[in-house]
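The structure appears right after this line, and notes come after that.
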Amino acid sequence: MAQRGTLGVAVIGTGKMGADHVRRLDQVTNGARVAAVVDVDAERVKRIADGIEGCTAHTDAAAAMASDGVDAVLIASPGPAHEAALLTAFEHDLPVLCEKPLTPGSESALRVLEAEQKVGHRLVQVGFMRRYDTEYAKLKALLNTGQLGRPLMLHNRHRNVATPPGFTSEMLINDSVVHEMDITRWLLDQEITAVTVLKPTPSGNAPEGLQDPQFVVFETAGGAIVDVEINVNCGFGYQVQAEVVCERGTARIGDGHALVTNQAGRWGGTIAQDFVERFEDAYDRQVQAWVDATRRGEVTGPSAWDGYATAAVCEAGVRAQNEGGRIEVELVERPAFYS
Amino acid sequence: MAQRGTLGVAVIGTGKMGADHVRRLDQVTNGARVAAVVDVDAERVKRIADGIEGCTAHTDAAAAMASDGVDAVLIASPGPAHEAALLTAFEHDLPVLCEKPLTPGSESALRVLEAEQKVGHRLVQVGFMRRYDTEYAKLKALLNTGQLGRPLMLHNRHRNVATPPGFTSEMLINDSVVHEMDITRWLLDQEITAVTVLKPTPSGNAPEGLQDPQFVVFETAGGAIVDVEINVNCGFGYQVQAEVVCERGTARIGDGHALVTNQAGRWGGTIAQDFVERFEDAYDRQVQAWVDATRRGEVTGPSAWDGYATAAVCEAGVRAQNEGGRIEVELVERPAFYS
Amino acid sequence: MAQRGTLGVAVIGTGKMGADHVRRLDQVTNGARVAAVVDVDAERVKRIADGIEGCTAHTDAAAAMASDGVDAVLIASPGPAHEAALLTAFEHDLPVLCEKPLTPGSESALRVLEAEQKVGHRLVQVGFMRRYDTEYAKLKALLNTGQLGRPLMLHNRHRNVATPPGFTSEMLINDSVVHEMDITRWLLDQEITAVTVLKPTPSGNAPEGLQDPQFVVFETAGGAIVDVEINVNCGFGYQVQAEVVCERGTARIGDGHALVTNQAGRWGGTIAQDFVERFEDAYDRQVQAWVDATRRGEVTGPSAWDGYATAAVCEAGVRAQNEGGRIEVELVERPAFYS
Amino acid sequence: MAQRGTLGVAVIGTGKMGADHVRRLDQVTNGARVAAVVDVDAERVKRIADGIEGCTAHTDAAAAMASDGVDAVLIASPGPAHEAALLTAFEHDLPVLCEKPLTPGSESALRVLEAEQKVGHRLVQVGFMRRYDTEYAKLKALLNTGQLGRPLMLHNRHRNVATPPGFTSEMLINDSVVHEMDITRWLLDQEITAVTVLKPTPSGNAPEGLQDPQFVVFETAGGAIVDVEINVNCGFGYQVQAEVVCERGTARIGDGHALVTNQAGRWGGTIAQDFVERFEDAYDRQVQAWVDATRRGEVTGPSAWDGYATAAVCEAGVRAQNEGGRIEVELVERPAFYS
């Protein structure tokens, strides 16, 4: 039996991301245990469950959520499976940490919003883990002091070494720029109202058919202009940088100056090569924050509304990519439930 | 009598910029002397001439250019007077360093181009002095090695502490962003083909009626996307930064890290407060380079074509400001004379 | 009952450091629980134990170590109490994480070494938590690659905002420079063979009677020269920096460039104000590493030998402070047990 | 004939350094001309003089100084020839810019001091050109404001890629560390009172017989401690860094962050490869400042006393190298003439 107060978590999906969350809950997080794991691959899920005391294996998410010792759910299955898993969790009144996207598309996200409101209290945290990155958190805290004044512009750089096979221009918006959409909304505390996508001549590093890099511009409800360099075959490293330009100053993160060397005619340091190296701590903090809040009976972090709003911005972004020009973002009115 | 080979320069205009050039030629530059000064203010120009051995005072540019010992002309009068002064210099076949703008508008610039071509050899260098800044020069040299691959994007920041009274939104394009227009054309060695201007909610620091900051986007003939944050009432300092994003890496200048202090809970350094502090060396190098080339019988540096092309981009920029959306830049075909 | 495999830890001492370790084990660390707490203040220790499920309160360390559910010991009592607590832990064959110093003096440290060797296997990890700091770890990893060649010099900066009342020149060596002693031995993998202390005219910030700052020089068995600026009333922040100078390059940590701002004529960032802000993660990682190793049945991290060797260097350092000149460090031969 | 007020300079010595000064005076400096050149190599000196209008060639320094149009002398001959050249210049009452060292040794330097005092006014500026480096000048200006409080320590790094053949341990003090001796005296405005030299195991890059790197410690009259890493076969670049630690903060120069690149998994920039790249501007400014002052009838910059004092510190440094331990610096009392 688990220690009283230890949170029993059912992890839905044990692919790369899900398996990492299982490891994290089991070996890193304080106050939680993996009570159940779910995957369509019965053999795989049994192998994982066998390695963890008191953990049961399931091929059906609903069965896992109904099983003994499950106090909360972490959804890490593919996006199209999220809506069903969320609705089932709502039936069991279970708090959920749902990997991004909430659902793939604003229509299904709206259905989730309605269902959560019917439950009558918040249950969902969406996995926008950048909010838990130490540097972004410092930037947000600085903005909140007001000492720099109102934000006017936000410049973002988002660079990956290379894309995996099959990566499409749509994924560039939905999987990559989606992070800047969330960060923009969170840092500025404003909705995004329009998206424009500009396309330079593609890099010679970009695979055939992928328009890379792109330059994406957001406008926000408060009149800020936000630009994103999305550059996912830059070759040299994984880099995430942000500079907020405010009325009385600017603030920048992402330079990564921890270790500086002088060698062979050059000074400088290494650039992280992937998001695990850059954001591992943020993933750890995200899950710990979710476990801590859930044990206190609270729901904090990015809400289902954040999931819905970014889905709507993604849809505008993909249209801007395909049609050119400036595309306005359409959002339903924000329910008081999410204010 | 001047040392053989010493370049006798007539300086047209002795306002703030012209007076500084007189001081520079007299006290900083090697191999030149101020042979004549011109200003509509007869008393002022006499006072200046009296302080310099062998220097004559004039209220008429043509008379100055015709006077003994004048080998070259530096035009620092107000923009509307440039065309006449340039045409007079062409009549005397005198090499000219002409402060920006070449002329205020692409039509008059075209007339200058035609007149220079009639002379049959280049006489004009336009005062785009950023090309002589050590950091920009290093950036250009790095791009020229080809080791970073083809440029895809160029991010610029151009920040001033505050604008003087009477500064207008048009001046923001014509006097400030014009530097990034020249730098873009020079660094990328490509013409600018379209301009878009985005306007965030103005800063509380901006004077009534001035839309500041603005976010300007250029497209270039080679398919690069260039963005400029122009932010001329930022309050905290004068900052000029540029990052070129290429296929195999990026390169950035303008951080200004020369002196780093730890004090009172903060590490860091001071930010220059004006362009003199930031670009004084560039002005010195520009004039020295012009004097050296002229003494060798050569014309180097930004040409009248560069003056014309930026004038045309400025016109597109002002239209983009006023009309919104994307404005294409119209250029005449580049004469072989300027290739 | 605790989850199988969860490590039951007795925490000896619940002062500032001990209470923080109780919180860490209870709320941050994965796989451990606080099974017992010990303090001479019976009321205080009861209050702490009452807040943690399954935790017993003790005023006697031996009783705590003998109690049910105690699998390991964390010693955070004052230095003079360490030796007795360590010997008791050895009697119960319990793994120990012992806050620095191992014991206050090399003689008592030698007794601990002998006792641990009699047990026949390693039980002690000393709390030199800097080894768990991400930046130091990166520096060590880089040195281990060998790409920079052999270390020749190591420059250290150790700056505190201000000292608490009662801070003495001896504490400057024993409590502050002791960290650089351990880091030097660990980074270079060499013993320190001599210490010299140079004393500038004291800072006006230093309290009456405290010689601050000081400049300490170590020589090592491999012929490296190490300097330490110890500057504990610097006023501006808490800063720990290190640069290793090797045959083919140098590497530096401690610049702390995460968040860079431009404001009010200055660029830069904030400096941490205390060791908690700078090294909180290192403390977390240290305890997690100790818990993980202990659960695997291993003893890793700084050993009792490291505790002894730094105690001997501290003694030489205090003599160098008092007598001036260069003082050689006397070490017993390193037992094979600790190799 | 030269322009009235143009300074006619005789350059003594046309080796690498002298030839560079000839080029500088002829092509870079404002207000000076090369009136005479002197070298023992008659053919070489004639070739140089022939390239410059109004310049005469000499194999004898005294003849050059007596020749028409010579208003000032720049001594760039080997050190042992300096004393005679200086005394001759004094006979002609000619202002002198003398390359470092003033003379090779404090005894001969004392004779120069006496001779200059007999002239009755200052004539000598010694070529400690680092004082004219922009970064050092900013550091000095910051110290002069007093905002950081009194200097307590000064940390220096002095790194060269590699030494030329024949470079000895004595030259390491006399030719390299001599710069930090001057900078220390100038920045802190205090004499150096003692020198200690520590020798790590030599780098594998150091040529046979050269003890490199070394770690040199100065004590100053005001109780400051100064350390110098002198590392002249570091392999990676030419680096000169300095951090002054004061009562209320520290200030550092020499990071050289002008151009920052991201490429191939690394961020950072290039390191200068020699002193020309790093200090070319300082040489230019030094000569211009000397010419400007001389034309105004003033003598500014490092004095013969500075030349003497560094010679005495060099002698102590070489003794500390050879004998080990701490060697006190012996200085005559500073004549009021030099205060």
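Lettered A, B, C and D in written order, each chain numbered from 1.
FYI, a contact is a pair of C-beta atoms (placed from the backbone, for glycine too) under 8 Å apart; a residue touches a chain by one contact, two chains touch by 3 or more.
Just so you know, these numbers come straight off a predicted model, no measurement behind them.
Across C-D and B-C, it is C-D that has more C-beta pairs touching. The chain with its CA mean position farthest from that of subunit D is A. Spacing of subunit B relative to subunit D, judged by their CA centroids, is 37 angstrom. Subunit C and subunit D have centres, each the mean of its CA atoms, that are 45 Å apart.
Distance between subunit B and subunit C, defined via averaged C-alpha coordinates, is recorded as 58 Å.
Residue positions of subunit A with contacts to 2 or more other chains are 234-236, 248-250, 255-256, 260-264.
Across the complex, subunit B meets subunit A through its residues 149-150, 152-153, 155, 198-201, 203-205, 213, 215, 217, 219, 222-225, 227, 229, 231, 234-236, 245, 247-250. Against subunit A, in their complex, subunit C makes its touches with residues 1-6, 26-31, 33, 53-54, 134-135, 138-139, 142, 147-148, 248-253, 255-264, 288, 292. Taken together, the subunit A residues at the contact with subunit D in this complex read 159, 234-237, 239, 255-256, 260-271, 273.
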